[in-house]
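Dropping the structure in here first, questions after.
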């Protein structure tokens, strides 16, 4: 007979480890926001972060947004066609985009481009003692490196999501009305009728939450690359970047479910 | 006996372990104000750890550090902030910010820790670059500079805040003999010029003896010798002698090989 | 020491993003809310048939307002819909409100048929001449089986 005690102990150990990690992450994020108040010339760092997450990621957002809209138009048309309700294509595309696709896909794309870059950059800065160097200069590394990124994410993610929606709607109109013959006016009036202010609000809440969560997770992993278990140097940077991207993506989808269930 | 206030930095009974591995086992050091103080020792003796503990990068397990007659403690952030403002750290790896230009690198400590106007920061940073003969490379990124220039850039960044104490962590690691001489000359020259106190960790014995006012030998986590360079050169202490006279020891070890007593392993 | 190019790109991105946000909130989020001054009237239905806030209000097939709220009147269990209309459009007191469906499974909307009275509905007034939602299910049932034991006024899918 196998004693269940080791299993129970292992469960407890993992639970404690998870709690400690979550607490550490929460402290990291809190410290980043707190130190933002004491950081000098934050505006310039903030601008650079907006450039990294905004301007640099704009092409991928526009491309993915357009294709998402195109596919939604196509798929929606074939489904609605069976019920003879092609007139609702605009509503289908708009609601799917605003409520789900745009916040989630934009966040995933931003994780892929800006989040991975952030984790890798911070990891390398940790590796080459740049973060320690900041501390020896009396510069708060959280405030200088992390805070502007998190603040920028709160602004950039909703903007990118809005752009994603706009481009996606346009993509849907291309495939729906240009290729499949739904009347253009019908499509756009359905779009306008379908979207409530509550939908838009939910969309922006999601985007801002995803921005904060993903960027803080990516920053946390990069910043703590030296504490990466069982890896050092370049391997530690690659491991923490991978973990940052994977965990951020999971966090986006999990948070999406939670927010949707609370807001609907 | 020198009065206590003439020591800018005093370290007493410093201990540090990494896991089960004791690295520092009771280090005591007194660094006189305005001097170049070198800590010598073989690789792995804990020299860098000592420096990082003193500079507040690593937290020591036990021991007292006082700066300018005032004790320093990790639980006293105010004292810490004052200490941070008045000292600089030159990393073995330079730790330059590779995404910033040379000028931005030098300006960073001023931008982030002072409220000086933009123009003054630029002027002071350019001045620091000029003093280290790097003003022509102000817009280059660190990666576009040679090793020696990177070292000078790191020094420019360290002195731009006009510190009273500069820590040098293996400033000559991985440099060729000429560059090594240049770095030591640079330390000696700028130490005179700016009047800071330098705490240097190195294993280049002859060079360190030339530029230092005091040297200490760190071995197995403790100070084995501390005194003026002349005393170091003349010391009959076997540990000092072994470290100091390593070229002679190498020569002795090589005599047999040169005589061809050990067969070449590459030959069948 | 931030380059002009970076400033330009950041500015461009922000402008573009804000334009998209404005489009989303003002053009789409506000829906077909009539521009300018508005007023509200109420309409009482025995069955609102899934009418929801944001549904369109049409007069002669032209969108002129939206449904602001749908609530239940605890006194007689009827549905009270609050409609927001453009002030420019005044409706006679004997106007009729009916709930209709666009297409077979489309959205519910309120259609207002203006009456002939000389007095106009004041803000907050209630239309009592109403036509409730057509219960499609029972209608199909009637067509298919000739008769149905379902009550005609039974609410449609909520």
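When the chains are written out, they are named A, B and C in that same order, and each has its own residue count from 1.
The criterion applied here is as follows: a residue touches a chain if its C-beta (ideal position, glycine included) is under 8 Å from a C-beta of that chain, and two chains touch if they have at least 3 such contacts.
This structure is a prediction, so every number in the text was calculated from the model and none was measured.
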Reference chain A; chain at largest CA-centroid distance: B
Chain whose Cα mean lies nearest the overall Cα mean: A
Which two chains share the largest set of C-beta contact pairs: A-C
Distance between chain centroids, defined by C-alpha means - chain A, chain C (Å): 35
Centre-to-centre distance between chain C and chain B (centres being mean Cα positions), rounded to whole Å: 76
Rounded Å distance, chain A centre to chain B centre (Cα mean): 43
Touching residues (chain side chain B, partner chain A) in the complex: 55-57, 81, 84-85, 87-89, 91, 93, 95-99, 108-109, 111-115, 161
Complex interface listing, chain A residues touching chain C: 44, 47-48, 50-51, 54-55, 58, 83-85, 87-88, 91, 94, 98, 156, 158-160, 162-163, 165-166, 191-193, 195-197, 199-201, 203-204
Complex interface listing, chain C residues touching chain A: 2, 6-7, 9-10, 12-14, 16-18, 20-21, 23-25, 27-32, 53-54, 56, 102-107
Contact set on chain A toward chain B in their complex: 39-41, 121, 125, 128-130, 132-139, 144
